[in-house]
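Supplied in structure tokens, the structure appears directly below.
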């Protein structure tokens, strides 16, 4: 009895998480395609309308549809998160594998450089750089990714060291496998899952960081919709028009929750 | 002379002021209760109390200055000046001015504040070393001297009817040039003196025993630095502060709805400066098309939440010079016609900083212009970059929200060619001459007429787009008494000595 | 008997050291021995003796800090194709790639040698069958789906398929149950005996070594105590450590003799004692043992490094003279 | 000894590189600080004087050398906005941020340790499931959302605490009241992470043979957890707490902004807006030095937690 | 003969997990008398360590096993998990893993003494020193403040033994106490356990996979296979005249110091049965060279001599 409910819950929770993320993704795409969901189109006659059949999540102070803006904010988060993971995986993963495999002075050099990045106050650094190069989804994603490079690299490096010392890699060397093929086929195949597991964390960090930046006014330039920006915009109306703030906040939290839960499952499922 | 307008321009952005038709504030009934502490939430830190420092002269922080340095004059109803430390400032020719002080004034250490102290003060601020924005204004003074203990004479380079208004701000906030308080802070002659300052968080002042006017009601005033508008309002809501600076329309609306005492004035004008030197706005038809395509009523509704009024031109609706400028109507058809005449598709970038209302305004305008076929991109920059761009004329259109229009005498100067504040390079020599003529005109009626003409020309040439006059001011908890009715003012002038708390 | 085709392995004054937090471990301190072509040599030692470091240095997985290893007259190289050195590891499961199927794992040496996929899978399947794993059943499994004994069979099949001239087996049965050990030892024996290849068998278990090896090398704290033909060393151990080891090996039904070693604990490899490393535990230690490292001496068919060893030290428990079923060379 | 030396060299290298990077950042910022500070009415002479006084027109290497010379003597320059020495600006803000961070981390630990223990003792039990759900919810709530929610409920709704602002410690009661919400925001966010980590490590520790041995000797669960399981399970937690303190200045921007706390984070944010280079540089550098120092401190704490680490280091 | 100190009566044990149940022990009956020394032999998967933990009443991991049958300790039924303190202590397999790396040895040694009975600090020191001296740890007074990492493997196992002795148990469980140690150290540790047992009159259940360790050290041997005790008898008799085919096979494959034995060595074909299935017949039957058709049903328990029982269809003996 107990076991059955456990199993059902085991299947249900990830399914719900996937559903949340799928909805966010579909919404993000629809917001780009459907003119009814234009996140920028304002109805000047209808500012601060509460949620209703016409505007599911209500309208904001300018009369823009909060639902459309929330969906479009999802697109921003997806782009930023994808960029973060891409930069983290490629730069961090690459440096980590290189450091772990080469060791010696290469390792020390990479380690020192990563320490420098680690020593930078992340949010402040991103704020400074955003101020100087201008805000944009890809820029912000890449910056958050760069800030996360040390974490990716550390994981990739330790996974590489573990794999490198493992007997099956030694066995491959003894069997005459070329070193590059060993890196390619043996190490990367084993390092990738560990790094991929961290990508879930990176996605949540990216979404939250982008939100925080937008909230602080250093994020995506309005009128581009971003969850953090929407919350910041809606914050001033929280007593009178709470939907402006609450809708994106709820979707943001639900998305991060879903990614967190899926990440934990993924981490647990690996041998 | 035109420079001094520019002078207040950048600061004015951070000030943001101006009033809507508001119900008179109602506080606790009965006579003022003496004693107690009033905590006031303001929007930025005041780290330097010297009146030479510009940060103390912003509208939100002026309340601090008013506590420490009672100015010679303050802004009164309908643009009139109310004498405070001064008794009068008069001139026959608008060039030579005679200041007469109240007798027996002292600084808060008991040392005398005489006419020589005023002259010394002005001299100090006039020196560019002081880095006071008022240095530019004071530079108009070619000669000054103390005639006796309570009389000082000022001679200007050119006649200027707006000269007395200079003494409502820094030039009028007399600080001792010889003595300093025990803790090293500058000495003023205000109703309160500095008790303690906690960097970054608060400033505490207590009633000054040497103040010569009607003493303040409250024993102690605490100024809390709460930069975030919403946080500040929440602090008011939670009772952590008794009085808070509010400058967003929805909070003003909310404060009214929640029964707080609201003292606001339509002190700031939202405008956009168009760069008439370069394409596309070197073509007056494009400027007029843009002007016609923007629905100011809609902006008032969505950006200002209906708080405030539509701006009709460079003369504020409550200015003593108000004369009913005829601003072109919202007319998309006319815009399209004008554009058709131009022939080429119009596109431009609109520079703005990232404050929420600015963003909202920009996106609304973007949509309005889009509806008539003008492509407008929004270029969001931070305040520092915004200032640089404005100063360098590095923009096509740039948002400019300012309280400078509160001083009609001063502000019209920016429409003269080559004026420092003429950021968009608007070059209509006739307007320049008219402004000169008006400011030197001793006859007030004639001046009004000339100013009206200037305003009309400006509105028709559209070098600047006028959107709305927006309110800002203070909201107070119901137990705060002495809140002024600012609804008929152009400047937010809150005198802390008049405040009292019923608790 | 097959003609020996294995090549000779010559280990000469080999030294290996590692950096550890807080200093260096001299794991191997000048070890010399030879694995003649076609012979089986057992390397015996307890923990800290340096036997695994030795194995890694011999296969070239770690660089020696001194001395040399020569195989077939030259340095050790890892090249695909027949004729090289293969290794069987202590942890059979870890020596198999976690994501590959058993057939692919066994076929690995052929893959690096460039044999076509179909051909190498075919040969790998045959090799699997050869070690008693039905390729139809096991061929598609991965390493976590088989037992430790089966994994070691796969590892041996893989090593054998590379047609090496020398197999180095590092504690190949240490983690296995006794009922499985014998099968693995048999397979290993077959993998070399069939082809006349040589085997370096590293173990802490004298019982297994005695059953499999022609010669034994006894290591203690990185040095060789004694080496020689298995029969001779087992029958008449000359080094006190070898004797102590033989005494301590559990034998079914034998009530163990009381230990002759002083109570001292084995020293840490981080701080090996000076002189003969065994002297603090040695019942026969003389003054010289504390200062001078004993030089290897030829003694009754074996080479012994001991100041006190006499030519005719009787074993405490003599093993009856062995009737060899394979004559020593 | 050798490793200690290597560490020190590397730490110095990191700080030096960081210093150079810090100097490079403002070079790329748009917007002239002179204009930003003096205002658009400033005369060209004023601008020039301002720029020269701050050494802004020198080449980057010259500026770096000049700045480094000052930094070594403890002089980080002068704030462009207030004209006060940067060290004074930071001296005022640093204690505030440190207090916030320390209290936040302590609160996080005070929540984490008992909850993680209780959860790890019976994984899958009621307490564990509730704490897991709560931890996930908190983990998924960004600080700026959590902070807003706390203000709405505790300050605006119940009006038991001030919404925002800061009170100097001379008034202890007010000081504490103003401290509660920001510390709660920081502590809860951090606790969500720590509980997950410590719980997992405790579960792993509780399965080790030595815990089994201790249990077989009849140790009570409470004593077992506190005296036997907690220390060997606390490595990741200590690392995270260290990171939390080290990366503080970056992370405290949000909380300080939401609650109007005059700390380093807000100083940094306003310095960026105002192009106050000396302050930005000082904050970034100070933060970096803190990260490096805390990293070393965490290593020392490892030694206290685990005698094996100490043992190895002693050689 | 009085009631045995420890009696397992038809003990079955099952771990239930998400992937199914593991039937680890299947009606095991075993007795250890006061002062007696019993060897429990089995390979991995035979359930011998799980049996030891069931006797100890502690299981690693969160999942508690399902128990049927009875565990009697000093005549008391402790199946439900009642306290065994004072009656049973265990020496664990890996001394490195079973000592807490961050707790000083002095504290760990006294773990088994309830805090109420420990007395003053000085008394605790004295007691701990005495225990460490008893297990032959050199310089015991100074060692109290050491951490486990500062000791060698053999010394750690001595500390483990001392900790087991602290509660003055009447039954000492030793679960593969020397598997992690070198052979030259193994002998000393086993000798130590034997001496202490005799000195203190404890009973000993020595669990091992190595038949070679038991001669001269135990009175009786119980042989386990796949969760069952298949043979139980006096040590000499079991080693000399094994009655169960599994015992015989195990003896045959155990390595010996003899260069006479050349490969191929004798081996036992096949592998362990799947523990996820309950075993109806003799679990060894699929690998047994003497398997009979009856082996598909549960084999009878036969008496093969004085105190010697065997559970096999093919063995000679009198049904018990």
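The first chain written gets the first letter, and so on, giving A, B, C, D and E; residue counts start at 1 in each chain.
FYI, a contact is a pair of C-beta atoms (placed from the backbone, for glycine too) under 8 Å apart; a residue touches a chain by one contact, two chains touch by 3 or more.
Please read all numbers here as calculations on a predicted model, not as lab measurements.
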Connectivity without chain B (remaining chains kept where they are): one piece
Pair of chains joined by more contacts [C-beta pairs], B-D or D-E: B-D
Rounded Å distance between chain B and chain D, as computed from the means of their C-alpha atoms: 40
Inter-chain centre distance, chain A versus chain B - centres from mean C-alpha coordinates, in Å: 44
Centre-to-centre distance between chain C and chain B (centres being mean Cα positions), rounded to whole Å: 91
For chain A paired with chain D, centre-to-centre distance based on mean C-alpha positions, whole Å: 22
Touching two or more other chains - residue numbers and ranges from chain D: 30, 156, 257, 272-273, 311
Residues on chain D engaged by chain E in the complex (per definition of touch): 122-124, 203, 207-219, 227-228, 231-232, 305-308, 311
Residues on chain D engaged by chain A in the complex (per definition of touch): 10, 13-15, 17-18, 21, 25-26, 28-30, 136-137, 139-145, 148, 152, 156, 247-251, 253-254, 257, 265, 268-269, 272-273, 280, 283-284, 287-289, 291-292
Partner chain C, residues of chain A touching it in the complex: 166-168, 170-178, 181, 186, 189-190, 271
Chain B partner contacts - residues on chain A that touch it in the complex: 40-42, 44, 47-48, 61-64, 131, 135, 217, 221-223, 232-233, 235-240
Contact set on chain E toward chain C in their complex: 43-44, 136, 138, 152-155, 182-188, 191, 209-213, 215-216, 239-240, 249-251, 253-268, 271
